[in-house]
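The structure appears below as structure tokens.
In order of appearance the chains are A, B, C and D, and numbering begins at 1 in each one.
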Amino acid sequence: MNPAALTNRGRMVIACPDQPGIISAVSTFFSGQGANIVHSDQHSTDYRQGVFFMRVEFDLPDLIGRGEALKQAFAPIAEQFQMSWRLTYAEIPKRMAIFVSKEDHCLLELLWQWRAGDLGGDIAMIISNHPDLKPHADQLGIPFHHVKLTKENRAEAEAQHLELLKDKVDLIILARYMQIVSPEFIAHYPNRIINIHHSFLPAFVGAKPYAQAYQRGVKLIGATAHYVTEELDAGPIIEQGVERVDHRSGVEDLKRIGRHVERLVLARAVAWHLEDRILVHGGKTVVFS
Amino acid sequence: MNPAALTNRGRMVIACPDQPGIISAVSTFFSGQGANIVHSDQHSTDYRQGVFFMRVEFDLPDLIGRGEALKQAFAPIAEQFQMSWRLTYAEIPKRMAIFVSKEDHCLLELLWQWRAGDLGGDIAMIISNHPDLKPHADQLGIPFHHVKLTKENRAEAEAQHLELLKDKVDLIILARYMQIVSPEFIAHYPNRIINIHHSFLPAFVGAKPYAQAYQRGVKLIGATAHYVTEELDAGPIIEQGVERVDHRSGVEDLKRIGRHVERLVLARAVAWHLEDRILVHGGKTVVFS
Amino acid sequence: MNPAALTNRGRMVIACPDQPGIISAVSTFFSGQGANIVHSDQHSTDYRQGVFFMRVEFDLPDLIGRGEALKQAFAPIAEQFQMSWRLTYAEIPKRMAIFVSKEDHCLLELLWQWRAGDLGGDIAMIISNHPDLKPHADQLGIPFHHVKLTKENRAEAEAQHLELLKDKVDLIILARYMQIVSPEFIAHYPNRIINIHHSFLPAFVGAKPYAQAYQRGVKLIGATAHYVTEELDAGPIIEQGVERVDHRSGVEDLKRIGRHVERLVLARAVAWHLEDRILVHGGKTVVFS
Amino acid sequence: MNPAALTNRGRMVIACPDQPGIISAVSTFFSGQGANIVHSDQHSTDYRQGVFFMRVEFDLPDLIGRGEALKQAFAPIAEQFQMSWRLTYAEIPKRMAIFVSKEDHCLLELLWQWRAGDLGGDIAMIISNHPDLKPHADQLGIPFHHVKLTKENRAEAEAQHLELLKDKVDLIILARYMQIVSPEFIAHYPNRIINIHHSFLPAFVGAKPYAQAYQRGVKLIGATAHYVTEELDAGPIIEQGVERVDHRSGVEDLKRIGRHVERLVLARAVAWHLEDRILVHGGKTVVFS
């Protein structure tokens, strides 16, 4: 995550029907372009008739200057193998909007890891339905937008959100935002909205998962970072974590213990997204190492 | 678990409405009887108006000979505090019946830990709807009963089970038995039937949990040991464990990884039951340390 | 950790030679005083001839007003059983001094958990050999003392530390302070200085444990919170945590991953100390549940 | 691990100085041979001037028949990139010798996983300095060799071991063998002897690690699988695991808890070796995913 290391570093992510020759074609392409493959990871759901996924991290002098030409040169290979693919430049930071409500632990973790250089990207803005967390934004000079939200004004509020986000944001993080997001909103950012749900999904979907967990008497509580889709808490899972609890743990204890799981799980998921490590296929994620 | 250490070792497990003076009354009782409290653990759901739980492990010379007198001496205290309670003798091993089907990993783990002395109790019999695992029973001289089970003969089969178990068994373990047990059967052994479910409940209730987990794309798989109640996979949870998986893990991988979680989780739950560490209250377990 | 719940809440911690009747004597004492035992935990190294440890958490109206009388009333029992013991009042917060150097993650975690109410106590001051982290102290109105430290002035610097701490601090936390503390200094705060070492001790004692871990090629890295004693990194261990790493992890990755383990492990150890859960015996800790 | 899936499955493992074009050259080679790359993993210690490691799993019709020709065709590429490399056939099982003493848990785990098909390979023989575990070998028809071992006859005993192993064994597993193996013996099987040490190395090297761990008061115990080298417990680490313990855990508890960690850690390490996933470089392992 050393900024110098990001210069001229490119990342290509590919998905296509599996067939012989893909790795050879891709790696020979990069070799022929004078690029140095720094890291490469692949996965196939079934190498005989499945889907093939590949992520290549490479260094190429003057990458951004040569980017368009590189894409054009790759196009025939992509066509030949029916690839869906994208090329990103590591030195162009992804821009994040963090949506919060009143709970601060996930926000503070993201801000801390970002300042420590453990999390790449730029934080373009923080949006909240409450003004409480504004001081944290102010202190770091991050724009904070308080957009009031009621049962009645949801559509207008989301319109305001979209206006604020427009052309300024590549990734939206729901850091304990605790509000339902409409299908229309989601459609603007497919697989680009990460939510942290405070249970090990699919257990305890919906409201008050810690109260549900307490009621059920589980011996492990967890948290799940996932992409937001139309169906509540049913989007592709990116990362999960758990912690042990026992009969002595009341609901407040579960919340306290769970907070630590939530913030670390969310931060890992965000870091992976920023590094283009995640592909979504069939409602599930491939997370490249 | 040193057999010698179990001689004259008693265990009393208590539940009652919480109020001041319980610990004092109980510990003074044991002290007055000349018993040495070796270990004691308590829990209160709410010390002002909740339920109080206590487990006392003690040594008393000639415990079994004096057992009835001890119980009679304790009765007034129990009555005063409205206790439900039980006294057990560690040197009288609990008798287990292990129900299996075709999968052997949970059975083998229990047999291995039992032979190693990590699991107390006696294995009275193994019951199965298939003959496949009989050799493991034969090898250790454990009675193996093959009771055929079809959709049509369930009631007769269960009657046969009850006949085999009658007066011979204190605990039933469903070690990947994979069959539904009827409410009538369960009523004979309330909170004395332990099942291992191959998911972190309440996620993936019912059949084929690994296939469900694969389909959902979870990043952790788990196993849950619980007491069997009428509602499928909804009984009080005793213990849970998880293991990480990723997008490379197919259903067969999940099964293979999960087997190791299942067998260790089940063995821990059984050990705790045999040591009288578990109380059930409100659909949840208290597991004394 | 609800402040209201701490009012009139007392904690007694006891160590004495094990013998029959201790629990009875202690619980009967509290019962006779009109105190309500809220939680009680015991441990014996060997109930026949070992050391017995006990922690009782209780509620008693007007606790602080009656504290001295309570201590006097308990004295005969303590004498009878040769107890070393202490009584603390939960509503009187312990005062902490946090020693830091340049790394901020452990400090920020403590500050964050403290503000969230997950960590009790008062932060009396932050002391550092570098001015870098002063802004974090300023922001919360916590006194920050910059005491320069060189090889030559160690004795004077420590004298200055002791002067700053005198009568103001109950617990010292070395939150990645990275400096050796002299035996003379330690003698002022026996078992009241908590250090976080960035390895799973006793592996990788001393400097640069992550570099050592990388060199050795371990597959797990860890952190250890321990009381500081004269011998470097050899004090009683309070808590440890680990995280998986692999061959891809360079030294910088180990540091990044390790930071999350360090800060959570340290915060747990500090919370337990503040709640009087820790007893030291024979170079090891008893951590009451 | 489906046997049918292993037919015509090859694995090539490569190490060489890193430079551009390696992946391209290797994948193009396989593509040109008509092989289908099923899985591929790479690692570079430093892509500018480090060492590059690669493991390719591929399918090729009539692999064994064409093996020699394949190797000859690859030789020029290997020479060009200064590769050290090996090609193995998945359908030819590696032959294991398991060395044991009196403790059976690691042996039983290996036997169980092997019978369950979770562990590939053939078990050629079991060698022990005690006759105790012979029945487990007999039961599965595995040759068991009891070779007495005293301080005086170590050299002769090892000569006998080598005679038994000669041309029959590809991997030696010390499954709690508890004996020092001489440098001369090790030299016959470099990076082909796996030991399980019952601590998280480098903590608690040498004898009685659980007693050492108890003495030190650690809160986590562990186990480490490593290749055996001349220096005791200092060989390349393959895998590690830990489990929580607390002040209540005596030495016997640590042993009991640790046994479960040991056997799972050892079995994972053995499985990885059998699948050609491990490369040793600079005293450390690369474990390909």
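FYI, a residue touches a chain if its C-beta (ideal position, glycine included) is under 8 Å from a C-beta of that chain, and two chains touch if they have at least 3 such contacts.
Worth saying up front: this structure is predicted, and the values here are computed from it rather than measured.
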Practice item. State the pair with the higher C-beta contact count; candidates are B-C and B-D. Key: B-C
Revision key, fill the gap. Looking at Cα centroids only, farthest away from chain A lies chain B
Review point. Counting in whole Å, what is the centre-to-centre distance of chain B and chain D, each centre being its mean C-alpha position?
Key: 37
Practice item. Report, in whole Å, the distance between the mean C-alpha point of chain A and the mean C-alpha point of chain B. Key: 42
**Study point:** Where chain D touches two or more other chains, by residue
**Key:** 248, 289
Revision key, fill the gap. Per the touch rule, the chain D residues reaching chain A in their complex are 20-21, 23-24, 27-28, 30-31, 34-42, 44, 47, 59, 289
Study note, to complete from the structure: Within their complex, chain B touches chain D through residues 1-2, 104-105, 108, 112, 116, 118, 139, 248, 252, 256, 259-260, 264, 289
Exercise for review: Under the touch definition given earlier, write down the residues of chain A that touch chain B in their complex.
Suggested key: 43, 200-204, 216-220, 222, 236-242, 246-248, 283-287
